[in-house]
């Protein structure tokens, strides 16, 4: 019986009186990979931001590995990859990773930074300023930043969107490796194919509600629109 | 201990990034000199008048030019959603506040240490007679500006008309501190030591700094994460 | 029901004011000031009520941050707006008094200066609100600002007072000292009437704010369809 990595209980998020998320409750056991699907504006990003501790739910609670993500220590074990790459243009690749390594309290930030630069194929440009990087290089560096501190839980918001081939390959390999090591992944996605391949579970957010939550079946893989058709609204 | 280390990392990061681009420094240095120049035409003061208005004049320069640094403080976290990277890290809001406040403090102080000699030259004033007390007053006043300015920089980072809203909200709050700082600066530039009744202003500056730093440390998390 | 309570309070306030205006008008003229002294019966209560309002705003702001109930946010903005109006009354009556007695429309005496700065502080609260569209963020940031403003108020008052003590200027209203007994009751009665008026206006503004929230909610819900 594996432990619960991500626990969402009765979460509501209000913008004024308007509920962007309504009564979202689900659990993700350790080692699973949950694909969060839904139309634009359904609430996927809002939910992920709450799980990452970036904003507070209006009602309900979230727990990552048993602790609220608002506790700084809980965030030590969470890796986040959002829409923006969260990398500083004015610093070099190595400086960026060293910075985050120190913020996450790694015992040897330099070594961890170099390891991940190699892993993402950026070793040769480690002293180059990010400002000069291509888009694909930046995305790979963002992946390095998200995984630098060996997080047990990964929260990814549309990670495959607008990636070039090399970046997709790196991300897929990194995620496969992470899952093989028993880490937990929650990722929202539009690129259904790449995400569903990795996913063990699927959840559909429709107009702020959790319309479906279950295992990812072969059916879903062959016809990604199936879940929308069956459980979505309009 | 970890808290202080995180503060140091953030301060170092901000300062290193600023040294690479020099955007805030160049803007605030230039702005300070321009204001000094314009005010010297506006008033064309004689020696007596200059001594009287020096406190007000210098602090107008410091606060307006300082605002450019403060605006940049959280604005630099907007490209690439870097702020999310900081929020995701196990750094408490108070550490993020302190790290950025220290970095802002260093940059604004640097601008002031350039503005003072320029003031001395343009207005033909010997301002170094009470140098160390003057440095104390400048430091205390600058910290007050920085503490309030840093948390409001976070608050206004996503607002329409951010560059205007920040000074608009911060300046009225700072009036008591500015009052004390201006009075003391005028006295010290004129060569008079702080004594007797006037020491109340020093106490005001200390108290102001402590109260608003404490308030900012407590409320920063709310501003960042709601 | 609520409307009846409001109308009742309004009528009561009007009645008290009418009676009190008569009382005030038959008071003997003050020795130094002539007719204009009567303005103090509005000038002082307006300030006291505005100050109370800022305390209520603080409590409402803190409660919003803790409970996240938008009622507290609506209360905070209602109380602050009406308080701002009352503080403006204080400033304007002070200005009129200054014009009559001293011949100037404004003077930087300690109390007027402090009142003006407080007015600017709370006007900043409203300006901040205007600049924020999203209701939850607006309420949160406004609450934070309200706390900063409230903490600043006593610092402002003390620092301006010290400034004027070290560099005195002609004083406007001599403190307590020679405050005649028959003035006190008239002052208190006026304060009661104005407090009632304040409460009614706050309730109206509160109701308006809640209606606005409902409209926003309906609009967002309609868009989401």
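Residue numbering begins at 1 within each chain, and the chains themselves are lettered A, B and C in the order written.
Everything that follows uses one rule, which is that a contact is a pair of C-beta atoms (placed from the backbone, for glycine too) under 8 Å apart; a residue touches a chain by one contact, two chains touch by 3 or more.
None of these values were measured; they are calculated from a predicted model.
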Q: Have a look at which chains touch which and call the overall pattern line, ring, star, complete or other.
A: complete
Q.
Tell me which has more C-beta contacts between its two chains, A-C or B-C.
A. B-C
Q: Would you mind checking which chain's mean C-alpha position lies nearest the centre of all protein C-alpha atoms?
A: B
Q. Measuring centre to centre with C-alpha atoms, which chain is farthest from chain C?
A. A
Q.
So the centre of each chain is just the mean of its C-alpha atoms; given that, what is the distance between chain A and chain B in Å?
A. 38
Q) Distance-wise, how many Å sit between the C-alpha centres of chain A and chain C, to the nearest whole number? A) 49
**Q.** Whole-Å gap separating chain B and chain C, where each centre is the average of the chain's CA atoms
**A.** 32
Q. Do you know which chain C residues sit against two or more other chains?
A. 136
Q | Residues of chain A engaged with two or more neighbouring chains | A | 56
Q) Considering chain B alone, which of its residues make contact with at least two other chains? A) 226
Q | chain B residues within the chain A interface of the complex | A | 2, 5-6, 9-10, 13, 16-17, 20-21, 79-92, 225-226
Q. Which residues of chain B touch chain C in their complex?
A. 148, 155, 159-161, 165, 168-169, 172-173, 175-176, 179-180, 183, 197-198, 200-201, 204, 207-208, 211-212, 215, 219, 222-223, 226
Q | Contact set on chain A toward chain C in their complex | A | 14-18, 41, 56, 58, 207
Q | chain B partner contacts - residues on chain C that touch it in the complex | A | 65, 117, 120-121, 124, 127-128, 131-132, 136-137, 140-141, 144-145, 147-149, 151-152, 155-156, 158-160, 162-163, 166
Q.
Please output the residues of chain A touching chain B within their complex, sorted ascending.
A. 52-56, 70, 72-76, 78-80, 82-91, 95, 99-100, 102-105, 129, 138, 145
